[in-house]
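Dropping the structures in below, format is structure tokens.
The following pair of complexes shares a single chain, subunit A, combined with subunit B in the former and subunit C in the latter.
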Partner chain A sequence: MASIEITSPHRPRTLPSLRQIAESAFPIIAIYFLMWVVYGLVEPSALSLYSIEALFNNSLPLMLAAAGATFVILQGGFDLSVAGVISLANVVVAVMPMEGPLGGVANLAMVVAIGLLVGAVNGFVVAYLRIQAIAATLATMIMCKGAALLILKAPGGFVSDFMAYELTASFFGIVPIAGVIAVAIMLFWAVFRSTNTGRSLIAVGQDENAAALSGIDVARTRFTSFLWAGAFYGAAGYMLAAQTSTGNPNGGDPFLLLSFAAVALGGTAFGGGRGGVTASLFGAATLMLMQKVLFAVGVSSFYTGVVQGAIMILAVLFSAFVLAVTRQRKSR
Partner chain B sequence: MESHVLHTAALSKRYGATVALSDVSLGLAEGEVHAILGENGAGKSTLVKIMSGVVQPNSGEMTLAADTYRPQSILQARAQGVATAFQELSLIPNLTVGENLLLPRASKTAFWPESRSGILRRAAGLLSQWDISDITADAIVEDLSLAERQRIEIARALSHATRLLILDEPTAALPDPEWLFRQIKRLSSRGIAVMYISHRLGEVREICQRATVLRNGNSIDTVDLSGVDDDGIFSMMVGRSPDSAFVEPAEVPEDAQVILGVRNLNVGKVRSLDLALRAGEIVGVAALEGQGQQDLFQALGGVIKFESGEISVGGKAAELGSPRRAINAGAGIAFVPEERKTEGIFANLTAASNITLPKIDQAGQAGIVYSGLEKNFAADVVAKVALSPRYLDFKVGNLSGGNQQKVLLARALITGAKCLVLFDPARGVDVGTKQSIYAMMRDHVAAGGTVLFYSSELSELVHLSTRCLVIYDGQVVANVPRAQLTEERLLAAAHGHNQEMKIAV
Partner chain C sequence: MMQENEIMSDATMDIEDKRSSARISGEFVTVVMIFGLTIAMILASRAISPAFGSWSQAETILYLGSFLVFCAFGQGLVILVRGLDLSIASVITLGGVLTASLMNGSNEGLFYLVPAILGACVLVGTISGIGVAYFRIPPFIMTMAVGLIVYSLCLGFTQGTPRGYPAPFLSGFMQAKFLSIPAPIYLLLVFVIIGTVLQSYSAFGRKLNAVGNNPLAAYIAGLPSGLLIVSAYAVSALCAGFTGMMLAGYANGATLRMGDSYLLPSIAAVVVGGSSILGGQGNFVGTVGGALLLTTLATILTALGFEQGWKTIMEGGVILIALIALRDESFAFLREQFRKRG
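Our next item is the complex of A and B:
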């Protein structure tokens, strides 16, 4: 028996390849800043601190929700409970406002705990009982929405002054706190993705079988991803309360589809294994900024959805195109 | 009695109604390279999974260095010094070689990541420790060839094996086993046992001292390899004496009808390629790795579009461009791809459903597919590939590799295509399945069809082909007729200019 092979040494790479750039958060960051330029041109007042701050505050809940969803999607899962957890966290904060910074922290701890609890249920049912993620998280979403309605029948309640005014303001009058939170999450992700847990997440999403044979605890990795997601959804509900200064038992509903849209726009693959939280944060921010830009250019709000959807398709096509082009080059 | 590193007694494992292992007892001595031989489905994979902690046996005992050994996970097995290089390669495609080598704990610290350079340094240490100089630790695994990935998979197992190394078909994707054999010798000189699973008897004889033969989930016997010839081993594996593996192919008249004609084809690496397959011919393709053979086969199968050229099937010009068009083009072209796991099968459908898929409209009535009709419809081609009909109800994912390959070939046959385009159809399958595949190919051309096949095993090309094309750098550089067909001749033709090349015999 005989066979033959050519050896092809792989040289150390210095610059990231085109594919690596296309798969990073870079494209969506570029789109985001491009959109700011457009926005600034058509609406110069948009660049005032007040409107920047307002936009950041508007965007932060969706950014947090999308960040949470990314943890689950990266490992190849699916989580619908986002809408339920945000609603529940929103009303809990609104019926139990606690004053002062410490009260704000206490409120945050409460809703993050709720998120973790829901995440633990999701994670246990999906990872260990091996129930389909869509069914399991749909159930927890409905439960959370029901619980939110039990706590608060109709929009109402109020939040502490600390949350309503100080959390939505700017440090030293120039640095929007919402922006600081977003940057903090990006830094967190930059570290987290290189931890063993972060790598496991990507490995499980890429190839569950190979991950298991590499010694990764697949079930625990899945479980953990739902915990992270739940915590972020709780925080999203908290920031939604701060931004709207009120509780709404249906407040989380719009987030269900928008958070998936933000993740897709950021370029994270729904099949798992490729993408990241930073990309999703920018995806969410871009989605919100786009609404403003469309309004500023004078597009009727009825068309906003149409344009948003079209841009999403373009973004997904773009990443598919880059992938195809780089693959083809490789095969040459 | 020599001291055993690992000893198993009466291991058994059932998956539902299927008995994968019923009674396996064997002992691996210190520093021994021990082969496990058996046809596909004999239980080799299950045995590997049990020993490496992936699945737990239903009954039976294992002892490792005099202690009871019952690993519940891969990590537990590793912690006790047992490491495995899996046949289905367990590397994560979009992580670097270094990260993969160190998984699941690429970073030494739990909560704060270790620096990239630290990980690379440790991984580079492992690579050089195992004599891998042509792959860098920061290469992304998906950029590597199959052979390179296989070496990384093996290197990872080497670095964890302090008592027992399990190699499951390590050379299936590794054209040059010399590197592997050197590492195995290093390990066994330190008293580490190696369990070596391979279909290639030549290799097994070169590196192993003893072999245990499995058949139908039972360990038949453990033999000294120097004391038994190939026929003896083969009859232990199949429980009968071997048929002659190769039959001299029939002569094909010069004026036989051309079924597949290719003129001036350009696709991927392939440049201005001409080809004519006549009825009754089995045409082999020999090539070094990555000379454009994948592009050629995928273009003929309609998987990728070609840039320019003319293809005629059964005398009529054909636009390929999709597998469906290829099947429907004139006399039809049916393609069986290289990676059956990812490109071929629907693991969750039954074998019958997989086979009848191309002709699904004929497997039902009024648009509804009945499983009974499916089975009747499939029966004919199932017989041609010698697949036991009892497997028709099984999900394909539960079948052994050899039977999966038979299912794929049956699916190609059911299309009724006269031209079969097979990419390494007998790779990684056992001797019995190989013979069934060869017989199927010969029957197909005897019935007026034609076969184009690529093989990574030169002996297969030499024995099976009516003539053999050698592709180098996207072009046919030789058309070797039956009379001149030898491994040496093919090697010489496949050898281009100024190419660094390794030849393993």
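Our next item is the complex of A and C:
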């Protein structure tokens, strides 16, 4: 069935079916650009280079977090440690700023290493000790938050000029670096999804037993997904520090909810086996853009949460609805 | 009599020695261990300060822990039916904010405001439950989203700063003493008894256990699974709203973040108390033990002068250790060891 679709190497090229379109990143990309049109109409000044750059910079941390969460969700797990790792990475960068591009790379390496470490703990406990992912990652999230508080008690610290100014600027003054990073991740995912690791990730999410029977090391696939997730969370904390130019031990808290909302909005199925990183990136970008649009049309910022929560529920319902409709068509 | 009993029990012990290993239930061991650990910690804390290890410290722990026990009961029911309630923090805030702003420092209308406020909370829980049970939305997504919506509504309703005071009756009750024991401790006792009966001995509780244990079997047996799941979420929201009301009475006002420090501990208390996070197993007495253990730990760590960071790390560590220790494999190992000795 669905697993054949993904693993068959030579599919005859025909027009994509309704289901394939609905399950791809296409709907969320369409929604994203539609929202830009609305935003541009409501507030024409939004289309200036400055505000586009600012929006990209605002969105990138959430996009990275959502990308990381997607790896775990695709194989059928959940990872709540996202909030903890982002906070931890954020404060680590803010108390140990290193100047220059090399310093920036060193900082990035540090936080990615932290993310990998937390991911390894999560992966070990979930994949090998077989403890429920939500509960285990809840515990590691709390521990990371504690570690972040130990490093920095209150918001403070500062980041290197390289991160604060150069990373958040634009190439040649017209191409926002944040946008380039996002495109790079999409390209990475396009390659990754057809590698063995990528395929086994989705196979495990679709049917764990079938995957195991066809020779996939399920535990190792799970473990790896947490590693990727941790690395992306670390990078998200890094970009959050670059964007805010400061460290905040609670900076990761809003990401817990928003990263899941972004993944849901992108159409990736909770429970695994369906979706992708590109869709989540657009889901995250759409969420951030939506905040701006809501503000532009005059919704009080107090009520942004109502819209975000409602969209999260609707996105999950819509995704389930599409699946049900397309399944029905197929069985007919 | 005493002697006879002792001899009797000795004799039965001898006879049943080999079987005793097989009879150790994981739940029972956990409950005994947790209460033992809590009491040992309170007694050992005498070494830190003479004010500790006393009855008055135990009283404080019971008082402060009661808020966690209230909301952990609801969390436990939701976890029992294979769910998770992440809206608890927001519903506590909702209960607190409504209590402060609607009561507005007067006892007037107390008799209809209390049911109205709790009713609003139950409505929130019912919505979460319907989303989970009938629309098949993953529990933690549904409750997280509903929590976000409720919090956002509280924010808008109060315009960022909650005002007002709870009824004097409520704050009076929180400070009242009866036979030199704080009144809320009696409330805690009554709550624990009702909660235990409801979860483990009532028809409702047994049905919830059945749904959590094996939803398919429960469905085939003709249980209204959907309705039962919705009711678990509704009870959870009711308990959270009640916690918010009591907290508002305790602090004589409400804040928008008053629920935050109860969400994660409520899950921790349930898990530490020996309930399976996978659902279908657990009892409220264990949860109460878990809540008191966490409260005791927090009190002692504060007294020892640990930073907030260390306290948070240990809180997470306790959950992780409990999860690893309470796996079925661990109990199988424990039983094996007992058997070898027997």
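In the analysis below, the second predicted complex is superposed on the first by the 316 of 332 C-alpha atoms of A that agree within 3 Å, B and C clash if a C-alpha of one lies under 4 Å from a C-alpha of the other, contacts with A are read in each partner's own complex, and residues count from 1 in each chain.
Note that in this section contacts are C-beta pairs under 8 Å (C-beta built on N, C-alpha and C of every residue); 3 or more make two chains touch, one makes a residue touch a chain.
This one's a predicted model, so the numbers in the text were calculated from it and none came from an experiment.
> Is A:A324 in contact with subunit B, with subunit C, with both, or with neither (first, second, both, neither)?
After superposition on chain A, A:A324 lies in contact with neither partner.
> Output check: A:V42 vs subunit B and subunit C. Expected answer is one of first, second, both, neither. What do you get?
Neither partner.
> With both complexes superposed on chain A, which partner does A:S214 reach: first (subunit B), second (subunit C), both or neither?
In the superposed model, A:S214 contacts subunit B only, not subunit C.
> Shared contact residues on subunit A for subunit B and subunit C?
none
> Per the contact definition, I'd like the list of subunit C residues that touch subunit A in the complex.
It is residues 84, 131, 135-138, 140-142, 144-149, 151-153, 155-156, 159-160, 264, 267, 271, 277-278, 307-317, 319-320, 323-324, 327 of subunit C that touch subunit A.
> Along subunit B, where are the residues that touch subunit A in the complex?
54, 73-75, 78, 86, 88-95, 99-100, 103-107, 110-114, 116, 133-136, 138-139, 143-145, 147-148, 175-176, 200, 202-203, 268-269, 288-290, 295, 456-459, 487, 491, 494, 499-505
> Flag every residue of subunit A that touches subunit B in the complex, lowest number first.
By the definition above, subunit A touches subunit B via 1-13, 23, 191, 194-196, 198-200, 202-203, 206-207, 209-217, 273-274, 330-332.
> In the complex, go through subunit A and note every residue touching subunit C.
That would be residues 78, 125, 129-132, 134-136, 138-151, 153, 256-257, 260-261, 264, 270-271, 300, 302-306, 308-310, 312-313, 316-317, 320 of subunit A.
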